[in-house]
Structures are given as structure tokens and as C-alpha cells.
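Read from first to last, the chains carry the letters A, B and C; within each, the first residue is number 1.
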Amino acid sequence: MNKFVVSPSPHIHSGLSTAQCMYGVLIALIPAFLVSLYYFGLGALLVTVTSVLSCVIFEYLIQKYLLKGRPTIANGSAILTGVLLAFNLPSNLPLWIVVIGALLAIGIGKMAFGGLGSNIFNPALAGRIFLLISFPQQMTTWPRPANMPMGLDGETGATTLNILKYGSTDDIINIDMIEMLVGNAGGSFGEVSAIALLIGMAYMLWRRIITWHIPVSIIATVFLFSFFVTIDQGIEFALIFAELQIFSGGLLLGAIFMATDYVTSPMTRAGMILYGVMIGIITIVIRLWGAYPEGMSFAIFIMNGVTPLINNYMKPKRYGEVVKNG
Amino acid sequence: MKTFKIGGVHPQENKLTAGSPIVAAPLPQQAVVMLSQHIGAPAQCVVEKGTPVKVGTLIAQANGFVSANIHSPVSGVVAKVDMAADSSGYMKPAIYINVEGDEWEDSIDRSNTLIKECNLDAQAIINKIDEMGIVGIGGATFPTKVKLMPPPGMKPEVLIINAAECEPYLTNDHALMLAHTDEIMVGIEILMKAISVNKAYIGIEVNKPDAIALLTDKARSHNGIKVVPLKCKYPQGGEKQLIDAIINRQVASGALPVSTGAVVQNVATAYAVYEAVQKNKPLIERVVTITGTSLKNPGNYLARIGMPIEQLIEAAGGLSENAEKIILGGPMMGKATANIQAPTGKGTSGIVVMTQEDAHRQEPSPCIRCAKCVEACPMGLEPYLLSKATAMGNYEVAESHYIYDCIECGCCSFSCPAHRPLLDYIRMGKGKVMGIIRARNANDKK
Amino acid sequence: MNLITLSIITLAVIGAISALILYAIAQRFKVEEDPRIDQVESLLPGANCGGCGKAGCRNFAESCVRASSLEGMLCPVGGNAVMKQIADLLGMEAVEATPRVAVVRCNGSCENRPRINTYEGATNCAIANSLYAGETGCAYGCLGCGDCVSVCSLGAISIDPVTHLPVVDIDICGGCGACARACPRGIIEVRKRGVKGRGVYVSCVNKDKGAVARKACNVACIGCSKCAKECKFDAITISNNLSYIDSDKCKMCRKCVDVCPTGAILAVNFPPKKAVATTESTPQAPDTTEAQNN
């Protein structure tokens, strides 16, 4: 005789699992990874492998021996944290620093709060910020892309962001936008190619892993805000300046992959837009008037902290909330 | 294309039996008729052991305003009036009837002739519907006459016929629309007359193009009836969602749907109304979709009420070894049962047999706050929050986040990548919060 | 010099104004409280276990001060000694409370009550109960999802991994009744705690007719009323096909245990019977007694 299964409705499921969401993001990161391998070679590979391995191992050890629970490394969230952390690091960072970053990201950024789903801050971002403050020297010395297909001499020390912050108007106008789009620029290795990151975003939107609200609101805010603060230097300059702000530094990586982290971003569409707008504003404020040339990490980090508040006040539009009868 | 505005999901349709004709299921040897097949008070039994009955004999009388008459679905002798385990396994009062032959009450017109004219006035129609024990047979089994008699001060403006059939697997309404188009049209006109409106919309999801074409064609000769194709999106057939989709109005929280001026009836109910009013036939049989990949003959069966589930599955080819879950109704809102000896009721729209792979739920993992449940909720609620508040016993938070607005459609659990049983908790929390609110209101009155 | 004087004055003024505001607010929103609440609280163990059925020790102290009599108030941790002190403090009559203990009245282990289906919903008895009759044929028995376990603030209840039934640790249980209220099927009853934790009770709440109940579970009470006839103290009543032993009337003679045909009546925590006595008892009863104790 059949022994039947009984459960409350619904009896079917979309089939989407946590692991699928995580691996979907990883797939979306592949183009950016390939570009960084092309430009930075072995360094990028070593940093990524070290970061992923240490994240997974730390998560396993902490879950098994500290929390005495069943390890859930198979859901891919530790791998994703590892990759995102690596993408935020320079490719020539000493590997022992990478391991420390992974420990801080997983141990303090995630597990200390109770593991996946309970963390307030994006773990990869927490790891990066710890490293940025602890090892400012190593974290801000980026190699120029090693693989120079266009035969350029890679002796410039300053990144685009430094030019944007401290350079003269001429310096800014002379920045080659095309190079930045394909990734031939200095920076943490995951953030250099705007096109690869945008391909990743397109993939995630197509697979409905993320919605457009966060990345679009961040990018639009950054564009508009930086355009209007430089408009006194002429519209043409302001346009170039605003575009450069979008394509430089970690903005796209942050907007597409870091700020959209499920756990640490708001739950409603209106909340997501508010969150994105605030990240955009804080980023530009830090970039233009703050002590650091890059403000994306801090902006996301601050807004991560505000997310519970946003969730409390930004409620979804309910059915029948506004009765429009007539 | 029209659709509701908030949330919704699109499950795989799996309409295996789409297009299959309605086949009469065999008669059972013993029918077990539950006294509570509708929302409201159970009916009062009016027969006793040994009473001979025919098909259509009144065997239990409505007990109060929100209740419904029950008629014998078979002819034979009442074997006993006793408790019977229903599909949940709990014992409920029921009438057992031993089947002998198939003799119908003389008053029932069993011919196929279409009777278009209805000379009864609104009250007489409602009385007839009440007498024949018609309930909403889309699944909710709310007594139809109650919906046709809105409280004073509310005036229906339009009739909406729910033919969306948004549940995966089910095709019983679809089959009925193809087979009895004319009767349904007359049924709709009768319903329009009963609530004195001159406009009716038939909402059908676009995955039934043949039914849309057929009904649109017939609707041309009927004044005021219009077919509205709807986007395939679950829960398009939810009463509140349907009103939103078709007349672009929303029901306020806690208000009756009729406050928007719309009265919603299922298409199968419209057919039952036709049969009741024009043919004098009580609600004693209905179309049941018996489906599942493991069945040999899945199809749309015309089955008498009170037939054991097991025998119906037998008629469709029988249970296979790997059948592991039996669902009464659709897979999104239907009830799983372990008791296949339980009889069907007026609300049994389908029997879905799930096999091994589909039957099991996945192990839940922690919430990753992906907001997919918030996105999916057609009522614009926050399922993750409601479910957590209920699990923690924090009913104030649940209440302040409108848990009582939940329509239990299951979109949240369906879309949760962490496989959390969101609706399981919300359903319980909703019950608790409603209880708290009722108690408070009763206290305030004192 | 002038600057320093000015700063001192400014600060002093700010301090004075703040003090005034604070004082005004403190007066305006002052909460009058009975000083005895603090005194009672200091007598309590301060474990905030919730065993008394109140939210914590302070809440219990408030209820004691407000109450007109200490009837029914018991701090299960402090026991009658603490209650006596409280009574003296409040000038009330100390009410010697009968110690009570939670008893799980279902013995439907996997062996006694075969599983006929599998539940896959949320692990919560209330949800399972509102959904259906349960994994077994018994619509009254334990669902085993552990609602009682999660409400017990003392950690006195746990689910036995073999029988899937809750087990009460009588050394910890304070008899607060939180589990009894949480059980959607009313299986758990708070009963009089016998000497050394002894107790005699009907371990079944099935109200179905005897045959139906027995079909679902080997150790179901079939309402045969043999026990009621045997009892000399009028402690046993039969209603709805179910026997019930009133723990306040029961003298623990255990005659009912011996006559029960299904072994539904359990006698727990009694010393093993002497060799002569064992032959009289049914073979089932001692086994189940063991299972309950562990």
C-alpha cells in the first residue's frame, strides 16, 4: 500500500533554490573574471583561488566546530563571498592578507551574526573594508594591467579615480573612455572591465536573480549627482566627468554585485530605490570631498546598516490599500 | 491583456487533460455524503437508517443562512447516519447510502434540451438556487445564494464569471466550457437576473484559446455578456485578483467583494445554476479533473458527489507504485490527503496524483531575504515577516502587517528559494490573529 | 580670564537647565510603584524561568502583590518555602500548594501506533493539527512536532528520538502548564505530583469508539470502564469512550493498571514490583512504564 505524503498547500515549487541563486551570481561573474585573467594573469587567479578556498574552509570549520551545526557550504554562498572579496582586491596583494580578509569576511562579517541570512553587512565588503583600513598601503597599490595588447606603457601610478579627484580638468578630459570600458585600467582586478560587469548584470536580470531597482538607481544617481556638481565647469565636461564616475573604480562591481546582495539589501522595490539613491549620493560625496578616492564600499556598507530601518518604513503597496472605486 | 496589478507567479501549467472530453465516472457501491461540504454550518440530516432515496432526494437541510441543502447523489437506501473520516482524517458526520440502481427524482428534467427562457423573478431564482443546494464549486464552496443577496446598502453593478482556472493541472472548467457553452450562457443570464445587473464579464486565461473563441462567439447573441481574456498568471482566479483585473477596482481590507459592485461566480457554478433553475437538478454531481503523470487515463470525469476518492482514481487508471501524494483540488491551494477512502464533496474540483519526485517538499534552509516572496505576494504583504512573526508568537506584529489580508494562495512558499514553509505559518497566524480580533471586538461591544 | 569665566558660567547654565528639564520630565512621567514589589522580587530566585506561568520573576512579584490571596501562586523553583516568606511579607495566608507536574497522556510510539502517512509541512503541532489527523490513524494522539518542547522555558520536555513522543523530566518540571496550553490536542495535563514523582494516569486521550481507537493504536483507551469498576475511590470517570483518573482522588493503589486490557493506564516511578506481583500484571504495562521514565 502506498504511504502518502501530506503537507499543507502549495504542493508545487518554482524549483529555484538558494544554491541556484548563488551559482547564478557566480556565472554572472565569469566574464569579469576572464577579463581580469587576461589583464592581470596569474596574480588574479591566485588571489581568487586563495580567497574562495579560505572562505569555504573557514565557513566549514566555523559551522562544524564553533556553531556545531550542519555545514552548508554546498549552497555556494561562501564561494560567492570568496569571489566577490577577491574581485575587490589588487591582483598583487600578498596571499596571507587575502586569507586574513577571508577570515574576517566569513568569521566576523557573516558567522558572528548567525550565518547566511542573518548578517547585517555584506561579508565580502566587510572583509574588504577591514583590509583597506588595516593594510592601506598594499590595498591601494594597483599594478597596471600586465597584458598590454595595445602596446601601451604601463607606468602611470594614478588610477582614474585619483585623476578625477586630484587631477586638472585637462587630465580628466584626456582619460581614454574606451580603455576603461574594456578593462585596461588600474584597480582591484574584478572592477576594471565595465563591459564584462554589464554583461553579468544583463545575465542576472534575464535569469531574474536580481531586479533592476538597485543597480539602476545607483548608477542613475551617481550620474546625475556628479553631473550637477560639476555643471559650473560646462555641460560637456560635466557629462564626461559623470560618465567617468560611473565607469571608474568599484562602482559597477558594487552596484551590480555587492549592493544587490539579497541578505543586506531592502525587501521592497521602493526601499531598493531609496537604498540605491542613497548609495549613489554617499559614494560621490566620499569620492569628491572625502579622504578616500573611492567611496563605493563605504557607501554600501553604511546603507547595509540602514537596510533594517528601510525595511521597517518602506512597505510594499498592498492590495486594496487605496480603494479606487468609481 | 488584462491582469491583476500586484505580485503573482507563473507555475508550470501541466494541464495534461486540456481538451479531453467529460466522461461519466462509474457509480460507487456505497456513497458517503458528508454533511459539511460548504462553508458555514453543517447541514441537518433529514433521513435515517433504512430511508429509501432517489437521485436528487433531499437528505440534509441547510442549517441557518450560511449553509446549504444536500441531496442524495445516488438512489438506494440509507445504510447509516454516522461519523466518517473526511479527507483530513478527522471524523465528521456523514450519511452512508447503499446504491441500488440509478433512479432519479421525477421532478428532474434529464433531457438535453436547452431551455433558454426563464420566467422566474430574482427572488424566485435565489430561492431555487438555495433549494437545490448550489454552492460556489470553484473550490471555496461558499453558498451561492448568500453571494447573490448582498447586505443592504450594497448594490451589485456587474457579474464576473470566473473561468480563469489558474490552478495548474486542473481542466474541469475548461472541459465544461467546451461541452456546455449554451447552458453556461443561460446560467449567466439567470445569475444576472438574480442580482439585477445588465453587465457580465467572463474572465478566461489565454491558455484556453478554444474556450475564449467559443464563448466570444456565443456571447454575441447575449446582451451585456463579454469575454475578457486574461494573462496566464496565478492567482488570476482569486476573487479579489479577478475583480482587480477585470474592472480595475480593489476590495478594501476586510470589506466584502460586493463593495466594489462586482459579484463573482465560478463558471461551473453558472452551469450548476442553469441546471438547478431550468432543469430542477440539485447539485449532486460535478466535473472532477483526475490527473497526474502516473495515471493511465487522466481526464475530466463527471462524478457523483460522495464517491470515494480511491474509486475515482481507479476509474482513471488506478494508483501506481510511485504515487506518493494525492491532492484534492489544484496543487497551489488544494489539500493533500492521506485518506483515499474519503468521499469527494461539492468543492472537489480535481484529484491530482503526484509521484515521487514531485510529491516531496525540500528541506527548508535559512531565509536569505531575497524578497521573492514580497515580490510574489498578490496582496502586497511581506510573507517572510508574517511567517517569522507567527513562528515567534508575535501576533501583534503579524496583525499590524495585515496578516488577515492573506488569501492563502501559496505564491510565497512557491517562490521561496530557501523552501521555507512560509504559508504554513502564515495560515496559522492568520487564524490566531482573526481569533484575537474577534475576541477584542466582542469585548468592545460589552 | 574672562573667557574661562564665561565658559564656566555657560556650562553651569546649560547644566542647570538640563537638570530642570530632566527633573520636570521625571516628575511628569513618574510611575508610582508599590515598594513591596521590589521586596517580593528580592525573595524570588531571580531565574526568570517563567515556570510560574508569568513572564518573569518581577511579573510574578507584581501579581503576588496585586493578588488578594496567594491561592494558585507558586514559584516552582523556590517552592513552598519561598511562598511562605512572601506570604509573611505581604501579611497573607500562605497557601500550601500541591506540587504539580506535566504528564503526557499519549503512548503512541511508532511501535504502538503505526505511521500510515508522512507529514512534510512545517514542524509545528498547531499547523499539523489544523491540517489533518496526523501521521497515524489516531486523530487525538501526539503529533510529535514538539510545540510543548519549544514553549518550556525550563527545558524539561524533550522529544524521545525512538518513540517520537515528548518526555517530561519530572526533576525539572515546575508544573506551570505552558506545555499543556501549547498542545493543540490537549494531550498534556498538569497533574498532582505524587511522592517521589509517582503517578497513575490514563495515557490516552482518544475519544473514538473502542474498536476505532484500538485499530489506530495498540495502547489506546477503549473506554471499557473496567478500571472505573475496579476503583474504590471514585477517582475514575468514563466519558466519550475515554477513561480519566482524577489525580486528586487517586490513592495510587494501581488496581486499575492491572485490569486495563490495552495497557493504556500507566503507573510511573514506582519501585519494581516484587516477584509475586509481577506475575499478576500484564506484560505490556511495565515495558511502557520504562519508556516513559527514560
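Methods note: contacts are C-beta pairs under 8 Å (C-beta built on N, C-alpha and C of every residue); 3 or more make two chains touch, one makes a residue touch a chain.
Since the model is a prediction, treat every value here as computed from it, not as a measurement.
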Contact-richer chain pair [A-C vs B-C]: B-C
Chain nearest the overall C-alpha centroid of the shown protein atoms: B
Where chain A and chain B are represented by their mean Cα positions, the distance between them in whole Å: 48
Separation of chain A from chain C, taking each centre as the mean of its C-alpha atoms, in whole Å: 51
Separation of mean Cα positions, chain C and chain B [Å, integer]: 42
Shared interface positions of chain B, touching two or more other chains: 335, 337-338, 360-361, 421, 424, 427
Residue list for chain A, restricted to those that touch at least two other chains: 3-8
Two or more partner chains touched - positions in chain C: 116-117, 120-122, 127, 131-132
Footprint of chain A on chain B - complex, ascending: 5-6, 9, 11-12, 168, 240, 244, 248-253, 255, 259-261, 319, 321, 323-327, 331-338, 340, 352, 354, 358-362, 365-372, 374-375, 377-382, 384, 402, 405, 408, 410, 413-415, 417-419, 421, 423-424, 427
In the complex with chain C, residue positions of chain B that touch it: 85, 87-91, 335, 337-339, 360-361, 364, 391, 421, 424-425, 427-428, 431
Partner chain B, residues of chain A touching it in the complex: 2-14, 16-18, 20-21, 72, 75, 77, 115-118, 211, 262-263, 265-268, 315-325
Partner chain A, residues of chain C touching it in the complex: 115-122, 127, 131-132, 135
Residues of chain C touching chain B in the complex: 116-117, 120-122, 124, 126-127, 130-134, 137, 139, 208
